[in-house]
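As written, the chain order gives the labels A, B, C, D, E, F, G and H, with residue 1 at the start of each chain.
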């Protein structure tokens, strides 16, 4: 229920074309009307600008298909499902034929937004082991209609590889840094650019990497200002945060 | 050395007005000339847009004063020192008379930028125990010339307090959420606004709060997209991240 | 041995109808007679009001069947086995034909109590990934004869979904909140109701969720009073705690 | 704004005695009117049954006094401040003369409720080192008008001490167990009573006790059902949880 | 109440010299009569062989003195208070004049047992920083009347120092190993002797020693069988464990 | 090389029947002659009283068989392999036909010692989920010729079950307590007996049990003296520690 | 681009044989020319002395083969791939026929360096469970042309085994110690030799070993100077560190 | 007892000038004679090349003085005490007048070695907050007669500062990297030099830095080979490790 609907309702009360009790019921939960399942995402889209994504783990293929159809019918922009299996995707595809699947990232895109802006997000990753979250990030951004440039294998042990990319990096509006192991790439990049750096620690590595906790802590302790961090392996979250920055930028 | 200086150098080589070996030496370290201590921040400002801040713990008052003077002389924008003691501030003030001090946050502002933009950052905090990092964030943003609105005591246990603030929150370009204990405020706010939410976990609380680790982890696991996180109690870092977003926004 | 048995014994000693040494032996372990395996649960039921549940992991199907039969024969109320596999259930079913199985929760109910009270427990969960412990909680409560209302998918990122449920929530005598990720739902709900909130952190989520430790810590640090917490994924434990509250309520 | 106020408003719209735009404005934020600071606790009391408590650390004596006065003026029941220093108490006392102070627990009671019920909470603690949170729990319960029985020094290494107390424990409506070290007391007690057991881990102990994390984890892993846990040293939280159980019990 | 008392009671019942109800009351709590505070330790001494020790932190000097007097009056063997301050000791000394104080260990000995056996415990420590728990262990053993040999500064980095002590170590009935840092001394010693090795990790060291957690974990992972571990810095606990072994040895 | 060999060598030097340089070489490494692989365990048996056990994980069946044969040929007492698979056992059995296998514990016994003493070890466990380490402990003790009494399912939530066993427990020379979840059984038992209690934390349980860390920490923080702890699930280690106590007891 | 190339470029500028803008472009990224993927390792080899290794997890066999060919073509020394599967090796072997595979370590050696020096590295391990990282270390060193001596099964519980090896250990130029469980071997060895000791903690062991964290922490807290530590199970890293020491030694 | 002493002893046995039993006694503990306290370090110096250092925390000034005198009298090279207070230093100075004190590092140097080699160690630190361990490292190296170059304030957020130092860094034989926060400096430096990099994590920083655990983990997970790590803040250990490398280098 938006402002227009509210205004209409009041007009109907004033005009006596709606019953007092019916109006009471509608207004009790306002501005948060009882939407039921089918209306959930529509409201999210109005409120935060993006439809709700489907987090796939633990959902049956059948549930996936039903939720996807629901979201597809009630939103106008991109709809995605993260961390989906091929089986989950196929169930969706039978219900929503246009859905596509990025197998590396496990990302289902049910409706891809048209490229709507001239903004660019650079997605920089440290090693080939970081490609799953990096790909999830790139694919999510593309689903939202945002241009991306992916730069892989920029480990800090070969600092020249990063320095060579500085001119490219300076063209970006937001830089997403995806790195495991010691996670130092975020600090180095943030010291070289003047745009926001969104850091994604990854679970790549072993031993004292503790499943991504080490790069997570390292990125939070970055000596470079202009870095903020999302959850381990959360390429989707970094993409959404970058998109939130860009949506509000003109 | 910027592009112009490089171009000039090449012209001098072509013109034979500079010696081959001298040119070799200059170019070897290009584009990063040996600057020495006094030029450090000047370069940071050019590269990332903000002068380097002084992290005060462990520095003697005398060192503080010298570094402050150095930064003051070589930068054009705001210069700040974080987590300073009163004694450190007084040493700075004797060297750079215009310096001011925010005692709650321990923030020394050596040159405050003029308000340069119409952007607004809302700094939302959960309880009175979160006021030190919240104040550090507000004071840093103001030093950078950015308008702020501070909203304190918005705990999620009284959700109506937050809902009441939604119209105000929707005027902000960036929202900074400062919260200890369970850190849930970040998720709730991020579900209500369409701008980037920068989350600052605080060490407020006790027991299983583990010095801020609990809200840190909770914020990283936020079920709401559009949230990114900085280090525990790092109000300065959140301010710098918000400023980085806004500097690139028109 | 209860008070009557003790009194009888003393009478027999006084009457000389029991030998001094026999009486010595009986009294040595009083008031906790050696019951042997078969009497274990009967005593638990008398003492705490509920029969002992069977924790299934690590038990052979054959062991499961024997223990189930034992409990079934010596208790009058509900008997359940938690975290059972289908194979374990089938072994029980062959011995105790009336046993039923909730596959989502892995809960075997060997004898379901009749609905004995007008009390209601609301089991609120944050996402579809939390359904296993939520279902375990609901099914356990129903086995105990307690009415439940399950409300799924009430994530705090869409706070209106929770607010809409407030009237329903206010009808409950106890609210169980089941949530993973940042676990904020417990704080938000506890701020809206006046009944006890039992929080179940879940292992849903990834990365810095650390297998449920993050929502566990967050719930323990809830800024809302009226929240107490059980172990990660312990839907059974929350049900038993709620039942303990309700059994003593009239 | 309650249902009556809403009904009145609709009647005024229907009658044309209120302007369309004014009505729009009022309804936009309904049912959560902008209350401002002074009305915060009043609302909490209505919604959850208890006024908000003051968490004292980090607040100046002056702030304490102002908040205390505010709460005192807008609530009808007990008002407390937890973890207060003597200096904070004295500032409150000057503003609200009737305030009293429990120095062991650091609890300020600004208005103590009359004993309103026949309910009893037993507060059982394991050692003398657990007395601060145990006292905080007892004093908070008494402030709320609830009868308590404190039983100290019931360590599980002398199990007979606990068994002797079973008859007393069975008179309680809720048992609060306060224990540090290995925290085993919660399991033992919960196996002996049929009422809810609220467990408070304490930071008493040293070495591998890790500041209370060990009893916290132990209590969460209790093999006895009917136990739920609050934060380390959180005697106040246990009292509030017990009070929430009892308020709804007749 | 011991077996003789129970037998007497039955005889009185048979003889009719005790009332049925009185006998009922006495037997209800048997074999654990309600002893009250003053009888606590007496019972512990009968049951486990040693009187209860006083854990001093958090107790007032006055409380210390009262408890000490109580224990002194109701036990026949050694009575000790651990981690006492000088102030606490002086309060005890005024009440129980014969009490003595080991300042390094903070151990008050209220009645020292006579040397009752020919058993020997070697207390081996790795560095001078481990002397507080090593001294606590030695002083506790001596209070119990057990002979000790202290061997300090046996770091594994100078393995010959340990090898030189092997002949001495082989005279011991139990070896207590007290070590911080990497805690390797326990493994090395356990590989050289054929008696039980009780390991005490200490909080000596810094950085990644994590307050004693590192040697604790290392000792638990000892590749040498015949090692068991007590809490960090718990010299008292090691002494009691050694004494328990020796009391049962002839 | 033992004392006799050393004495002989000196005699040969004095008699001139051994070359100066040869004697030098032999003495350089004395008293630890180069034994090579085949003599390893023989020496361990002399030094610590028990042959080295084979830790099976990571060893090929072929390696297992060779090591087992080696140990069998050079030791006179029991030889065991822990955590063996059936495949590993079968390889051993082909080489050392008398080897037997306890499948629950994965323990291969290559030569079982005759029952050599009248000592008794009680192995008490808390739940059926603790049976693997409990069985490993019992089977190892039996291999060493020590009598055992296993008591399963003595959870602290039914304290009477433990109290009933007190007379039996008091017959033991050592009590091993095997428990997961909150690990409280060790404290309760240690408060009831006067012999050493060796505690084995187990990884049984889930969620905040953290793979056995919770009972490990709880047992280390036991409020009862007379408890020492071995590694998680280390039933073998507890058996060896108990055997070390008993070997030195007459 | 090396110094000669830079000098040539300047000469061409002076001679006017290169365009000003072209020279600008080349110099902008100097001394780190944009090399593209194929030149990455060549540069690493020049800069640090060793070609980059391939970390295999997460790479497809096809990717492995392409990277291996690339490295093989642009480096003159050893080329290795760590933690490779047999399938990955076979893909490499089809492209670079001379590649060999160490199956225990999962190490692919694409071009083995000739033995170039008389230096020796001793690789000492504590148990058979440590053989994977120990073998990785030995095989990497051999690929680099460095002589090794492997000494297995030197557990500290049998200290004589280590002492016997002291003469051999003293011949080494670097000692690598590979150990799990309590990791004490590093301290013992470092106390016996005068060369650098590189410690590799391993994930061998269970329970409180926490996947190698225990030996890692223990080695970092070694009481013996002359020890430095690499990541858990990182035999490759220890080999590279040893090789770095030796390359600079004459 | 060295080889010459052993040879002499054998000669005396052959010559009959020493008693058989006396020789037995001497040889039993060979090659590790019982040295007593005064000879400890002399032996360490022979075995590992450096005298034992004094770790000062927990030692009385008097103990410090005695140990220092002992070490001074029995070693020929440098003698140092780490983490000493001024009071401890003054006690030493009264006994060993030539002792000097570095107050920043708390390092007492009792006899400084002459500069004996042409080797150079670069000690690179990231921020001014890292100066205590960096100074401890430099001062220890100087005490050992090794040349050092200290380079402070080389944070990775200003990567040019590091690149500028590459020519200097390439002159070093070993590089020690001292860094807190995210510890990324070790990886960056190790990617630029061909000599061993010894990394010292520091406890500088706050919040999620967890007292140095974050840079420690990050350095262990360095993506650059050629890095090994010592304990947090352990500048002394890094110096000793570097000295061990250099002593064996010609």
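Assume a contact is a pair of C-beta atoms (placed from the backbone, for glycine too) under 8 Å apart; a residue touches a chain by one contact, two chains touch by 3 or more.
Computed from a prediction, not measured in an experiment: that's the story for all the values here.
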Contact-richer chain pair (by C-beta pairs counted) among E-G and D-E: E-G
Over-half contact-pair match to A-D, picked out of the listed pairs F-H, E-G or G-H: F-H
Inter-centroid spacing, chain D versus chain B (mean Cα positions, whole Å): 38
Computed distance of Cα centres, chain H from chain A, in Å: 50
Computed distance of Cα centres, chain D from chain C, in Å: 25
Interface hub residues of chain B, defined as touching at least two other chains: 28, 31, 44, 127, 157-159, 163, 190-192, 207-209, 213, 216, 220-221, 224-225, 231-232
Residues on chain C engaged by chain B in the complex (per definition of touch): 126-127, 155-159, 162-163, 180-184, 186-188, 190-192, 205, 207-210, 213-215, 217-225
Of all residues in chain C, those that touch chain E in their complex: 3, 6-7, 10-11, 13-14, 16, 20, 23-24, 27-28, 30-31
Partner chain B, residues of chain H touching it in the complex: 127-129, 131-132, 153, 157-161, 163-164, 167, 204, 206-209
Parts of chain B lying in touch with chain H, wherever the complex brings them together: 28-29, 31-35, 37, 40, 43-44, 52, 55, 57-59, 63, 201, 203, 211-213, 216, 231-234
Chain C-facing residues of chain D, complex: 44, 47-50, 53, 173, 190-196, 198, 216, 220-221, 224-232, 236-238, 240-241, 244-245, 247-250
